[in-house]
């Protein structure tokens, strides 16, 4: 059987999913592309020879031959489109985050539940071969019982101040990926958060009411302790690593590099900087998550990243923020 | 401007080029697919929404709207299809090798020359980010003047004996890539070849008249010495590395791995085996070489791997064979 | 000029210092060895051809030709011997810790101050080439301004329970090295400590009143945040690493290995386990710290690890313990 | 039992052996030191508290309480001192090479044989932990049957031209270590040598009648092929590596570094240059070889590097030279 799918949003990430759907994902047919900028939808549809392009995502939701949608539109449209898609009976893949408002998230999840459709959230890093390998080591017992987890997650450079003002702050726009990763790898729920954060990269970030450097400690219900180390700026590039330590050993990941060359000169022994852009760094993860979604729908299997998985990291981000403000460990249950 | 291209051969490598042409190569339109097995052409055309599928490559050569072809058919059809395509005025990308017969190669090259079309040979490894980085280090002077080059090129496991019997032997079916790489990196012509070769992997290979393990030494006109280390079987996987040593330093490449994880246990500190399959290992090179071909045709630039570049490695393979048989250094000019 | 030195304590660490003093440290003369077990002193003196061996360290303190002592005796004798040595006018190198009692430490330091002799504490890791390289990167500006520091410090296996009962606990017997390292690298004083600790390795350690796994967060006066990750048992061996992240880059150290060999098999790509024993791992540091002490005495230069540097980590250990008990960040100034 | 040993030659390497004998080698007593420069012998003896220093090595040979000697004097004295020491009934450790003249070597070996004393040649690299680990992998079957061996051996900078004029040439003064290593690792005898060599580092070396860059191919009786890659100058430091490839896997060694730090900056990911000086790089090997010699004498076990092992590499060097001159593979049996 073939799944007919529509992509909503023909921007950067929409293009990635559309290309993957055409060439590298099995059992799927990219049937339509929508974008509020009609030319964007048309251009992408033309290049990939997709039969239908529209400026109105409702055209996709109303098409009875389309079984599922991939929502790649602006974040502030996610809640609304998920709700309508669920009501139209479409299975839903939606880019993260669902929303930053807990109540709105809860309403969306209730609608999806009621509609009985599948909803998968695009926490793509879970499908990156590096993190997936760490998960495998933990689940398989290769490193014994997990004791400690360190997540390093640093961006190459800060976003524009204009973005910082509306992003919800570093804990909600950046650490949120790491909260999901911590839950995914530890396989338990965080119970308590302690945060040390400051402005070390750019005073303008502080003036905008945010921090740019943070160290977050998470206690999990199963006894594991995790740290998240965030910075808005690692001058050597996108720094995305993890180290898991257990009773039987440890596993750690290095960054991903554009090549495997080592250069030796009279100055030093060196290699080129790691992949700098998240879409290169995580290219395989986008492919993998979509293949899993298609399989889940076609074979009625559970999706690996649920709406609930989209909700919890928001909770953790709010707790991290509160811990920073009050300089004390904050219980997750204090938040919601 | 957009280049209309047809793909001839819808097998493993034809699929790779077709997918890249549809999604990731700029300024190109995949207009038709041919394969002697009509279902293969049709299935690929359907999936990628290519308007024309045919069992006869002549349909592509006769189409006046098609400017170029990518020949991905069986090796023994290359000479014939290149010749016809050139006579039809199409620009040509052709998978390696052109042929194993020097006279036939020369005839093909003469026809291409006469027709005034572009011919690019698919020595894809030149476009792999690792080898390309080594080339850059050499050309830019990052390691000074090149003195010595080592190429390690080992397959994960031997091909079937049936293949070995018709392949032309290890020097022509396997080392040929390394001869091209040596020429590419040294940027000079080999003048002399010395070969030590033996059967160490499987006696059946010897019974089929071939060797499975070889060490080849090449002297180049510019004074550089290069070695090629070939084995039909590296049990840890596809081993493809190079080390270049020069007056100002050295550059070496490691293999490519499915992940960047290091696992530490009570036994050892380890990582997973490198990518084992050449199509995974060299995935980016197929994309890059085709983009360069399209650009060369559209902008009337020289192709980076010419018909002549397809001829010389055959010459070197024949010299390597003769050196092994006679246990002496053999001059390239003794061969042709 | 030559410094005449006596070694007090001919155990494991005393032997290391004695051998280094005889063969590899310049401008020094090992004049006498004392040990409460007379045979130990005699055997070491005989082997190294040291003229004087004694069961009474006072014999060394009373020798007017001896200018300095290296105290390598049991921890609970340090305070007493430092005091007597200072009163005898000897310059003092003393193995860590001075004591676990803050008041006793303060008395010792006052006596040393009054006597006007030099006192260097044996925080040898500062002199390890790896940590020294990290320090250099921070001091020289190679990684810009320091933002975050991670210290990984895991033992290969827990000490006997009998030791744990009298050691002062993990924060004072193990983390103390890491507190010193954090101060050394951050080049500032910790103001606040937050600790998460648990028993994950061996319940008997918990029954003895101690923890075996800890994550400690330190805030420093200069704004840097540091973490210390301690475990009593890393099954892959002695795990001693650091990562420093700054505005201009990062520096991280790997463990030290018995060889630089990589083995590739059909199972994995691997290397042997790191050096497992602290005396092998830190062999160069013992040499370096003693050379620096000898130079400081001979040339009247400040010692690099003062009595004060011996006091502060004890303070930090006590704060870490209190933070764990009360589950809150504890200010250093709350302790003393 | 304790072995009384005398060191002949108090230069750079003599000091290393003397220090090791005093502090780190078991069951041995350094009884005397000789050097033609009396002050050198006296200074070393004084520092290490060795009872006897002399300008005449005969004083050591005539001392009935001394059982063995370590010959660390100038190369052109080795033959003579070995001969006299053997005649005096002393067991002999002698730095490489015995001599560059095959006839003189044969005479020396005959004398040693007749005297019934042990003779160990100082091919120290066999005892380096890296090469020893490669040997272990080959002997234990960890990489299956050996197929190919690559030895990289490059000096940081060329010796003075004055040395090159008298050294016997690169094949005898530098490659000789690699010939020994090849024999040691392959565990067979070379039967044929093919050499490509040239002057690429410094024309003055060519004017002095030598080469500075060489690629040597060795065929061994057991079917293994080995290459040696020599250069007088690797600008990034002392480059000493090996790669062994077999039916069950491969083992390769990296250089040894002063620290295990990785620095990441906006320019690159780098580490410091490898250890540059052979005495640092091979520090453990000198200790290990001497311990083995002492044990062999005390327990009447065979020495691991015999006089014969000192002879064969000279033969291989002469063959390599002839191959270069005649541009053909040369059989070892053509030489002697």
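The letters A, B, C and D name the chains in turn, as written, and every chain counts its residues from 1.
Note that in this section a contact is a pair of C-beta atoms (placed from the backbone, for glycine too) under 8 Å apart; a residue touches a chain by one contact, two chains touch by 3 or more.
Please read all numbers here as calculations on a predicted model, not as lab measurements.
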item	value
Pair sharing more residue contacts (C-beta pairs) when C-D is set against B-C	C-D
Chain at maximum distance from subunit B, centres defined as averaged CA atoms	C
Inter-centroid spacing, subunit D versus subunit B (mean Cα positions, whole Å)	43
Whole-Å separation of chain centres (CA-atom averages), subunit C against subunit D	38
Where subunit B and subunit C are represented by their mean Cα positions, the distance between them in whole Å	57
Multi-partner residues of subunit A (each touching 2 or more other chains)	234-236, 239, 248-250, 264-266, 272
Complex contacts: residues of subunit D adjacent to subunit C	19, 22-24, 47-50, 129-130, 132-134, 137, 142-143, 248-256, 258-266, 272
Residues on subunit C engaged by subunit A in the complex (per definition of touch)	144-145, 147-148, 150, 154, 194, 196, 198, 200-201, 213, 215, 217, 219, 223, 225, 227, 229, 231, 233-236, 239, 245, 247-250, 327-329
Subunit B-touching residues of subunit C, taken from the complex the two chains share	234-236, 239, 264-274
